[in-house]
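Chain lettering (A, B, C, D and E) follows the sequence in which the chains are written, and residue indices restart at 1 in each chain.
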Amino acid sequence: MKFGTGIGIVLSMIGIAVGATMEGTNVMVVLNIPAISIVLIGTLGATIAACGLEAHIRLPAIYKKAILPDDLDLPGRVKELVGFAEQARRDGLLALDEAVGSISDPFTRKGIQLVVDGTDPDLVAAVLDAENEAMRKRHAAARNPFMQAGALAPTMGIIGTVFGLVNVMNNLNQPSTLGPLIAAAFLATLMGVGSANIVFLPMANRLKELSEEEMHFREMTLEGILGIQAGDNPRVIEEKLMAFVPPAERVSATGGGDGGGTAEKQAA
Amino acid sequence: MKFGTGIGIVLSMIGIAVGATMEGTNVMVVLNIPAISIVLIGTLGATIAACGLEAHIRLPAIYKKAILPDDLDLPGRVKELVGFAEQARRDGLLALDEAVGSISDPFTRKGIQLVVDGTDPDLVAAVLDAENEAMRKRHAAARNPFMQAGALAPTMGIIGTVFGLVNVMNNLNQPSTLGPLIAAAFLATLMGVGSANIVFLPMANRLKELSEEEMHFREMTLEGILGIQAGDNPRVIEEKLMAFVPPAERVSATGGGDGGGTAEKQAA
Amino acid sequence: MKFGTGIGIVLSMIGIAVGATMEGTNVMVVLNIPAISIVLIGTLGATIAACGLEAHIRLPAIYKKAILPDDLDLPGRVKELVGFAEQARRDGLLALDEAVGSISDPFTRKGIQLVVDGTDPDLVAAVLDAENEAMRKRHAAARNPFMQAGALAPTMGIIGTVFGLVNVMNNLNQPSTLGPLIAAAFLATLMGVGSANIVFLPMANRLKELSEEEMHFREMTLEGILGIQAGDNPRVIEEKLMAFVPPAERVSATGGGDGGGTAEKQAA
Amino acid sequence: MKFGTGIGIVLSMIGIAVGATMEGTNVMVVLNIPAISIVLIGTLGATIAACGLEAHIRLPAIYKKAILPDDLDLPGRVKELVGFAEQARRDGLLALDEAVGSISDPFTRKGIQLVVDGTDPDLVAAVLDAENEAMRKRHAAARNPFMQAGALAPTMGIIGTVFGLVNVMNNLNQPSTLGPLIAAAFLATLMGVGSANIVFLPMANRLKELSEEEMHFREMTLEGILGIQAGDNPRVIEEKLMAFVPPAERVSATGGGDGGGTAEKQAA
Amino acid sequence: MKFGTGIGIVLSMIGIAVGATMEGTNVMVVLNIPAISIVLIGTLGATIAACGLEAHIRLPAIYKKAILPDDLDLPGRVKELVGFAEQARRDGLLALDEAVGSISDPFTRKGIQLVVDGTDPDLVAAVLDAENEAMRKRHAAARNPFMQAGALAPTMGIIGTVFGLVNVMNNLNQPSTLGPLIAAAFLATLMGVGSANIVFLPMANRLKELSEEEMHFREMTLEGILGIQAGDNPRVIEEKLMAFVPPAERVSATGGGDGGGTAEKQAA
């Protein structure tokens, strides 16, 4: 369900191509070298100027992440954390030391490690908060080239079209060539508006949503780790973490079906 | 009174159709298959790319919710909570245990259940706040496709129109066909601007207002639950909750007509 | 001085009408039934879809409030509150019980009533804050139709004009009718841009400013009420409240002309 | 250095006039009475509707303030406050009573007066904060007409141009008059876009920056006054206040050149 | 890697020039004196009006900073601060007195100096926070001319083009000159849109990102200085500071490879 971005971009292109073909236009005309040079290279240069070279070296990885994002298993994480809470209650916090090595998520592992090391609770919260805040800033920097490109590409298209129209105006005395010249001038607008609205802006929004989902996931994990360290009752921890899970996905991690945490689901 | 969204969309379409017909245009021309393919499928694809597939599977339910929203009965909820407060004062918090099963709203039920279970007040507030914050995020994610569509549809219309004009420019040597071709090119603009401004943007705003109303409703409920747990005087709880109710709807839930809570109403 | 909104709208219309007449256009052409139907009914429908029916039933009262707003007498309110503070200092808080009935402002009356009832200071602040926050939300909801209309009307105008141009393009073979048809098509743009920029957007801004002034007024009142309850020295209360009054309107409420509260005025 | 606003507006006008003259246009055509009536009177009316009459009566004073702003001498104020701190340390807070009368800045005088009167430190901070917050609101209200005019004037220009084009379209049968009529219609766009971008928007931004500078100045002053009242070491006060001064303007007020407060300057 | 801004601007210009040349336009036409006068001088004047003269005197230095920014070595700073923490633990805070002179960064030097002087921890935090806040304001003021120019230049281009079109319309009776005149009018639009989107807006965004990176760097430094003053364990300080470093750059400063601070890197 998460691979919607690739599907959406293809669907949007198909809808436009079908409609344009029915209008009588050959959609292949958009693969116009001058328009591509002006809009795509012009936009790439301007986003490099705006965001630095480093942000652009990471772009292929970011495209891949937007199209094939990681699955964030909220109920699974709740179950994992409640399991640690039960183990810590039964055998003490130090008993989690063995479990640390088997935790696959680096953030959870770092948090549990800090707890096992006996770090002060305020410091655990401060370190993990700083991790989250730094991740939020990295994500914002990573999607900024897409936001910039979404704003810049249409204006690059306008630049291309106006250049074309300047050419047209200087050839007004050859009326037979005007139509194709104006048509060619418009292709830059198509390339600019199309690339921005089908690729750059949707990608930027998708990356923003994925970042918010990951922050939500980490905030839940942080609440759980602090609860484990405080020695809270595992059922109370589950109750609290379940509030982060959408009602439709809520299942009890402790087995009993009578908890308040499942109330909303029963009523839905 | 809440079903205004459907009425508004229909009224807006009628106003435009009547005006356009008086101008001499046949409004049925907007049902143009190429324009619909470019604008509606193009926009759908771009919003799927921007917001993911999952958000689009829930769309029919969200349309229904915007057009036929739940009624939020603020004075009724105040009365219900003040009733619980009176019962808890008279018979103790545990006496609410029987009432829990009969509460129809899952949020209120979860809150009262937590209170009856003797959960720590700070934790009750934290769990219910997390529920509200998670709901706010879910609502924002649910209306995002409408906001994206409102921003994208007009540009899809421009793409359709420019494609049409490219076609026109390549047929400049057949002047008799130009008028109808240009007219057809404009239909994509009409479809894009119209769908955005009559459907997508008003829907997005309506969903935002409904979400804010529900948050307001839940904040009031949370205040009431915390007051019940703290054992506050029912009249004081009513006073506090009445501040959340618009002056015109304020009625006393405890029967006496002398409360400060009704002062604003008497003066209105 | 407060009735500027009506004057402004009329002045703006006169400026435009005079200029257009000098350009040689008959300004009465804007009273074009198709343009009015498309722009005004189309916009009304879309704002109903966006904000619900209820918000529109209150519109006539809100127009009236924007054009003839209440006068907010900051120095008068300071004097009233300082008077209560002096009375409470002299005769005790209960002595204010008689005064409560004669307070014309419901918010002040509710606050003083709560103080006289011996309500806990934190609860007085919480109840009055909740009143203010609820008022702020009501005001925002009340001006939202104007903001929506300001954004939607120009696009409705574009829809009307494009419909007209579609009609023009289908009549290209009758050149003599083109001029008047294009002129008629432009009237929808005029109606849309004009109504938005002369009426809807200025009204929305005016309502926002009036709301902020009322919030400022109420925050000052709240400070005064809390000071009275705390038994603060009336001169200190006056000093604090005077900071909310613009320097040009500051006069001492206690009679002495030597107060620090008037320092800025003396220097101005 | 502060009188840049007047210079900037004149420079911008010269740049445009020179360029337009070189293009072959007589720039005096912009002094077109219909365009002025539509754009300037139309905009004035709409800003009165948006911001009220009172805000417009103060406009001449605000224009003057933007063009000839007060000089804010940060290092001088630091020196003045450190001097008071030294005097208070040496001779006690009451010794400042004589100095109060000679303080030219009303805000500083009010603050020192409150300190000399023995007002509670929290209340001093609350009163001066309220003064600053009220000033911030007054400034925002004062520059709002410029922001509104910057947004409204271009659309008034469009209204004027569309009115002109309606006139053109109704005269299509007299081709020889079309050119001058279209040219005249464009003048309203020039007036609207020009007045907004050369005068209104730059003025609005300038007033915002001047307001932020004054807030910064007052925050520094407030820190100093509270430090004097707390009896802090004058060198420590200077250290703290110097952080508010741009590194290039930092000089020690106590004479010694070894202070940490000058570290950044030495390294620059 | 940091010099991307210069490369980006050049790349963008090349992309546009190649595309325009392929379309058949001589790109040298953009070096049009009237267009340059209207757009660049007009924009410069308006930004001086908006931001004051002083902000423009610093512009050359700011261009240089955007194109050749300082390298911010996060892991190096962590190592430096952890080194001070170890020295302070071993030999006491006063032992840092010798080190102060050799610190090249003025902010770190000022902070360590305050610590060595025995300043109260709250005051150290307050002074350094005030330094950071003042730097943030200076940065915002420094990039504001670029943001203003990015918004103003396209409208100056429109002014130039409309002036040109007014000239065209007054020469409608000489059809042979129309094409070149319209072409010349468009050059102002090209200059306005191009300078804004290739230079001004990317520069403004780049300066914003560099400012955020420097704030991030300083926040990390501040955390470290406060930890040193509090006498925290150097390994705990490293753990906390490492959260500010992107995972890919994390290396242990204390030598041991078993720290939680490197957990995320090991998992990456």
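By our rule, a residue touches a chain if its C-beta (ideal position, glycine included) is under 8 Å from a C-beta of that chain, and two chains touch if they have at least 3 such contacts.
Just so it is clear, the structure is predicted and the values come from calculations on it, not from any experiment.
Colleague: Minimal path length between chain A and chain D through chains that touch?
Modeller: 2
Colleague: Can you list every chain in contact with both chain C and chain E?
Modeller: Under the touch definition, chain C and chain E have D as mutual neighbours.
Colleague: Chain A to chain B: how many Å between their CA centres?
Modeller: Whole-Å distance between the two chain centres: 25.
Colleague: Taking each chain's centre as the mean of its CA atoms, how far is chain A from chain C in angstrom?
Modeller: 40
Colleague: What positions in chain B touch 2 or more of the other chains?
Modeller: Residues: none.
Colleague: Applying the document's contact rule, which stretches of chain A touch chain E when the two form their complex?
Modeller: So the residues of chain A in touch with chain E come to 33-54, 56, 104-107, 109-110, 113-114, 117, 119, 123, 126-128, 130-131, 134, 137-138, 141, 144, 148, 151-152, 155-156, 158-160, 162-167, 169-173, 181, 184-185, 188.
Colleague: Quick one: which bits of chain E touch chain A in the complex? Just the residue numbers, please.
Modeller: Going through chain E, the ones touching chain A are 1-16, 18-20, 22-25, 27, 29, 154, 176, 178-180, 182-183, 186-187, 189-190, 193-194, 196-199, 201-203, 205-206, 209, 212, 216, 223, 236, 239-240, 243-246, 260-261, 263-264, 266-268.
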